[in-house]
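The block underneath contains the structure these notes are about, expressed in structure tokens.
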Amino acid sequence: MNLSRFVFSAVLLLSLGAHGVLGAEETTGSGVETAIMAVSETSEPASIQNLAQLVTKAAEAAGTAQDSANWVWILLAAFLVMFMQPGFAMLEAGLTRSKNAGNIMMKNLMDFSIGSIAYFVIGFGIMFGADKLGLFGSDGFLLSAANTAGKEGMWQYAFWMFQVVFAATAATIVSGAMAERTKFVGYLVYSVCITMFVYPVVGHWIWGGGWLSTLETPMVDFAGSTVVHSVGGWLALCGALVLGPRLGKYGPNGESKAILGHNMPLAALGVFILWFAWFGFNAGSTTEASQSIGLISVTTNLAAAAGAIGAMITVWIKEKKPDPSMSLNGVLAGLVAITAGCANVSPGAAIAIGFIAGILVVFSVEFIDQVLHVDDPVGAISVHGVCGAWGTLAVGLFASKEFGGIAGLFNGGGLALLKSQLLGVVTVFVWCMVLGTLLFLAIKYTIGLRVSKEDELRGLDITEHGVESYGGFQIFTTD
Amino acid sequence: MNLSRFVFSAVLLLSLGAHGVLGAEETTGSGVETAIMAVSETSEPASIQNLAQLVTKAAEAAGTAQDSANWVWILLAAFLVMFMQPGFAMLEAGLTRSKNAGNIMMKNLMDFSIGSIAYFVIGFGIMFGADKLGLFGSDGFLLSAANTAGKEGMWQYAFWMFQVVFAATAATIVSGAMAERTKFVGYLVYSVCITMFVYPVVGHWIWGGGWLSTLETPMVDFAGSTVVHSVGGWLALCGALVLGPRLGKYGPNGESKAILGHNMPLAALGVFILWFAWFGFNAGSTTEASQSIGLISVTTNLAAAAGAIGAMITVWIKEKKPDPSMSLNGVLAGLVAITAGCANVSPGAAIAIGFIAGILVVFSVEFIDQVLHVDDPVGAISVHGVCGAWGTLAVGLFASKEFGGIAGLFNGGGLALLKSQLLGVVTVFVWCMVLGTLLFLAIKYTIGLRVSKEDELRGLDITEHGVESYGGFQIFTTD
Amino acid sequence: MNLSRFVFSAVLLLSLGAHGVLGAEETTGSGVETAIMAVSETSEPASIQNLAQLVTKAAEAAGTAQDSANWVWILLAAFLVMFMQPGFAMLEAGLTRSKNAGNIMMKNLMDFSIGSIAYFVIGFGIMFGADKLGLFGSDGFLLSAANTAGKEGMWQYAFWMFQVVFAATAATIVSGAMAERTKFVGYLVYSVCITMFVYPVVGHWIWGGGWLSTLETPMVDFAGSTVVHSVGGWLALCGALVLGPRLGKYGPNGESKAILGHNMPLAALGVFILWFAWFGFNAGSTTEASQSIGLISVTTNLAAAAGAIGAMITVWIKEKKPDPSMSLNGVLAGLVAITAGCANVSPGAAIAIGFIAGILVVFSVEFIDQVLHVDDPVGAISVHGVCGAWGTLAVGLFASKEFGGIAGLFNGGGLALLKSQLLGVVTVFVWCMVLGTLLFLAIKYTIGLRVSKEDELRGLDITEHGVESYGGFQIFTTD
Amino acid sequence: MKLIIAYIQPQRLTQIKEALAKAGICKMSVTNALGCGQQMGYEENYRGVKLSVNLLKKVRLEIAVTEEYLKKTVDIILEAANTGSIGDGKIFVLELAECYRIRTREKGKVAIG
Amino acid sequence: MKLIIAYIQPQRLTQIKEALAKAGICKMSVTNALGCGQQMGYEENYRGVKLSVNLLKKVRLEIAVTEEYLKKTVDIILEAANTGSIGDGKIFVLELAECYRIRTREKGKVAIG
Amino acid sequence: MKLIIAYIQPQRLTQIKEALAKAGICKMSVTNALGCGQQMGYEENYRGVKLSVNLLKKVRLEIAVTEEYLKKTVDIILEAANTGSIGDGKIFVLELAECYRIRTREKGKVAIG
């Protein structure tokens, strides 16, 4: 009969469709045969009962296929965000001196390594575990919520993978502002503390069901302008403050001196890598293969572009030359700023947010350097702290119902959202400044945060790691 | 009753399957509960009516899952193509002198940045807007065809993201041929013009429903050997012609002199990045997660490999040594050549196309340098222009019904396709040469296209951007 | 009637869902219209017959959607693994001297290029063709099993793409141990032999249905600790043995001398790229978009992190300084070690496996250098050979039923698995050492394996490729 | 006329340059050099192997002066380059037979400054 | 015998080498140097901070000659190195007490060329 | 006192340093240099264009010695630097008018070693 043929093929196809979940051992080819055999054995007559069963299976298969797409997407995104590590490493190395390049590599390598373990053991639980008082999570340590029994348990692995790379990003940001003078062992200690505690707490507040996400108008920080970038930026500020400027950075009268980076192509490569990886950061923050990932990629890209343009024009006007390192900072400024609102604003608004961030970053870098006299070799405080705050507030201005379901001030949403955003920005600032200052002071007065004057002059590569980074190259250094 | 249980679970699973479109805010975990509740509330008795409804939902879920895969694929491809920017930047910097490395970074950074905005405002509309006379598109500016109301509107965002990175690639190709002597502000201007107008018009002809795509035998340029690469290559030729050679490139008797690149590992890194990213370029041009992406990746990879081998052998025979920079060009030659036909030819044909491209690029580089006396530091004209043309014509020779549904000369398809390919190659050449020459001359006689002799000698890093790229490194330069 | 409306929409949606397989030419937009038209034409009354047909189509669409996800995943993974090539190239170049950097680029470029062709022509058939005696495959050369007729044929393309990048990885590993003294033409020859024969045979034994995969307790090497890495590592050992140490590597009394690498940031970039790409290597080895890819990514990441920590601590204790190059080796040690068991062990076990690998690699590097006096500039033998063997054995210890369905010694599985693992490790070691020694000796006594003393002193860049890699840079070399 | 060659610690270059400039000695040539002397170098450790580095980074100054500036120049360098620790470097003074300014083809004392 | 030390503009090296070769002077040693003199340097601007660069890239030639070649060599350099603008450089001539060719252990005038 | 300048093949540096050290001459300054002489250079080929490289890598030693050490030093270098092939380099000896040790402000012979 015709019908049973259909039923058989349906079962066959369903099995095929579903075989994505059968386990990895099985090859695609063999899946087909198994299915055919299964069908041959169960050739019962077609009935509405059978049909219903088949519909269920079809639905199951469709669900599984969507799950597969979700898994692929979140892991692709996680891999991309992991790739931010070399992005930051190359940028930081490029904008500092050659005598510290190996130390920078070690820092970026080890903060991700130690951070991965720390986030596995403690951080993830604090961020996404069962909420306590709206302040922190309290279970799920050691990935205990994950298991291989079913989809939910399996999802935990994928989700953790995505979250750990975010945690490592927050930690690695700090490194840039403290470059060229921080003791390696001190670096390791504060890096662990950040991934294990300081960052996860903020993450819990905003993403993990904590108090900022349960406000009447919950704070919107889609991919983490505040959660990741501001946290990194403000901690960088604490670190640079406690640490003090590099030798020779400020003259006797407090005038700022330029300390040139040693490798512009490396720095640019870093920024290109970051731009590339940021698509995973923002569009991946859907954590599923929804259709909004296209829109998010567009806003992300336009903001980055506008940020570069904004910074280049600003520095061109101010300093008469289009400074490469500032333009690179402009890209990151745009990216950091759009991170909070990438799913909530129009492409046009994304350009505005990015462009303003690009302008802001130039003034901020000069202000922090020349007025505050805080020495931040790569501009991390301005890029991540200041532009992260700006981007978070910008959601309160530019958010549009059409995109993310909630409207900001400029789109008729009134001040409600802006207030929540401001509240988030301020409390996270306070949290980071307090915790950060305590943390860095504690390290300073115990194991030590800064290398000796001689070590700084000779460079951390030799003094901290016993090896030069550019063996054979003649490098002219007068300090 | 048994049936209703099935129905319930079907609804449950459908909801799960479909939850990929529910918006990003919602976490996977909560989706399950919502679905269960929905089912409990609507526990009507099972009937054929219900069943049909469920089938619809199952079908809907399957469609959504496929959409998800498509979205993931096109965006993955777009990200990869975006990553071509550092590929080109590193290659160009590596093959030129250290005194211009920062300028090259700025050019590649800013052409993508400004190009993104220009393509958003104007270019995309000209390329894909409603056709006028088969020549250009006329609406869809500022992404006005995109919206969040439904799938089609959402798709526009993803599609734009994929297209903008192609536009930027065309623009950035030009940079290499004009390296080490172009005024930065002139660069910015022509770069905008290319992304905004010159490239989108050609794109419209071939991909946007323009006249070359409506020929009786439409031209086949699957991923853009002509649309992207030849356009870039011919514009590079115009640029290099108008600009003239670098100081010291040709001796008093017209003999060509070697100007060594400064960083071979950087150049090689660039080519490896481009090879990696090219999979997005070619296989992504399906714009959907179809099964042909495997085949396209295979042809792409084999052609690249054959191109490298072809170029290495050729230069080894001609010059007695396997020159690294030529072998790197060979990879790109193979990649550029297979781009048009990657979905239309067999793996064996791909090897042939790539291998010939590899041979071609060596002779072309030497011809353009030593006979035409056009100074193209990185070989962009040969790689993108010449091999782009070769690859486009090769489709007319090697295309096979089995792969892309249309046959070329060698597979019994006669001359029809070859003629269309030739027509496309020639008209695009003419269009680019005319527009390009006008454009570069206009810039030359207004804001200026070339830096002064002194600036060229000192290097563009210091004169155009006020900063050295390799601070501290002792670099021996006699020019 | 209500029902037929549902049927229509179902058909419509199914067409949409399935349109991913319709071929690449068709744009997404036009797919919709086609489907609507198709429905309008076939508006027959709804019946159980129709419904069954629709269910079949829904199931088909779901299957297709899952296929799409599988295709996307395996290709994404293949692209990532391809990206290992620059990873290895940068690492190897960074840890060796500047005078050989261009040669290293050429080697890595050409082994992938020539290897791609060799694996296409011969290797793939030997690895996955019809089994002969459990020892090698015997058909499927030139990708003859692939075709565009249906899913199975199409899958072959995708599968080949994934496999070729693995083959190239095995070949490229050898390069590092033989760096700075190998004749380029000799390199090309052995590289082809490895991709064409030595590697595919082992691949067949373990992955292609050969004897190690048909043991009572089949050997488990999920992503290739043995198949890829040990093969590469042991061949590297043969190569380094036959070749002898670099000039000046050992003093007159056999004391080992340090030969510094020339570019630490480049080496670190290489390792970061490898870490990133390794997610494709391991999680991609499911070859389908199953839910286990999350878990595999987690174990991979944790083992890499633990490897870095293990190596850093070990070298810190032994040598008083946290050596960057050893820490970089530690990452790779962890990654290589987890490769066999990434789908079969718990995250906690992954940390243990990686950490031990990190310790092991430090001792192994020093033992091979200072006791065996085998000169391996980048530590390839220790990283890939030794840690590959360790990782393979570790599956026999740490495997857990919960994860991959089979238990190792520590989880109540007894010695069965460990024995199979040991058998695999030993036989692959013997195979590689015998074949490798024959191969390298054959090359040595025919075309020659090592460059002359003068060429080695001047560097292979100039003598083998006629060009310097760092034009203009002042490099102080005393050898 | 004399040609003064001085090997100094790199980090003292700026200081010396400033001190000399104050005394009206603004012309000099600088190269980077490696020095080996009493300052014994240091031991690095690369991949488990000891590596003794005994060529240390120095900066080499070359300053042509007239006799009248000689003492001043030497004194200033002795002053500004002194850190008091081993490795501070040396000053060598050579007889300068002739000196030309390429631009003007001037010769002798006038060409020096 | 004399030892000629010349600081020149980098871009003139090729020209000078060719001119000297034509006159039969093919032996010389070259190092890169940084010079500071009347040519005041320039100001860069890095991340908003002024940076004055006053050590400019020069090339340093060292040529040992016999007395008879002295004038010729100096004249050729004066000629070929001259661009007429500040920063063209200097030529210093020192007395050369002795000269050896390592390969042959020759000594004195014969060892020079 | 004398100032010895020696241009040597880079690969001989270690050997020479060791030989000198054995003879108690441990102080010297080293720079990298490019040399052009009888050793004609070589031809590279870059992207199909001939490129003649005639500046070859050399290492330049500068050793200040007292008269008594002069012959010993020169002999050791002549010995240890000799490979017997063209390009082995030269030794130049200059009169050293004065010498100062910056650290101690010592002057003359005592300052040399």
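Here are some notes:
Just so it is clear, A, B, C, D, E and F label the chains in written order, and each chain counts residues from 1 on its own.
By definition in this document, a residue touches a chain if its C-beta (ideal position, glycine included) is under 8 Å from a C-beta of that chain, and two chains touch if they have at least 3 such contacts.
Keep in mind the model is a prediction, meaning the values are calculated, not measured.
Chains making contact with chain A as well as with chain E: B, D. Interface comparison, D-F versus C-D: the higher number of contacting C-beta pairs is recorded for D-F.
Because chain B and chain C share one sequence, their contact can be compared position by position; here under half of the interface residue numbers appear on both sides.
For this pair, chain B with chain D, the centres built from the Cα atoms lie 54 Å apart.
Inter-chain spacing, taken between the CA centroids of chain C and chain F, is 49 Å. Chain D and chain E have Cα centroids separated by 18 Å.
Each of the following residues of chain E touches two or more other chains: 31-32, 34, 44-46, 94-95. Residue positions of chain C touching 2 or more other chains: 48, 51, 55, 58, 61-62, 64-69, 72, 76, 155, 159, 260, 263, 269, 319-321, 323, 325, 466-468, 473-477.
The full set of touching chain pairs reads A-B, A-C, A-D, A-E, B-C, B-E, B-F, C-D, C-F, D-E, D-F, E-F.
Those residues of chain F that touch chain B in the complex are listed here as 34, 44-51. Within the complex formed with chain F, the chain E residues making contact are 3, 17, 26-31, 62, 64, 94-103, 105, 111-112. Within the complex, the chain B residues that touch chain C are 48-49, 51-53, 55-56, 58-70, 72-73, 76, 80, 97-98, 152, 155, 159, 222, 260-265, 267-269, 271-273, 275-276, 279-280, 283, 285-298, 301-302, 304-306, 308-309, 312, 319-325, 327-328, 331, 343, 347-348, 351, 402-405, 473-477.
The residues of chain A lying in touch with chain E in their complex are 256-258, 260, 315, 318-321, 323, 325-326, 362, 365-366, 369-370, 379, 476. Note for the complex: chain B touches chain E at residues 457, 462, 466-468, 474-479.
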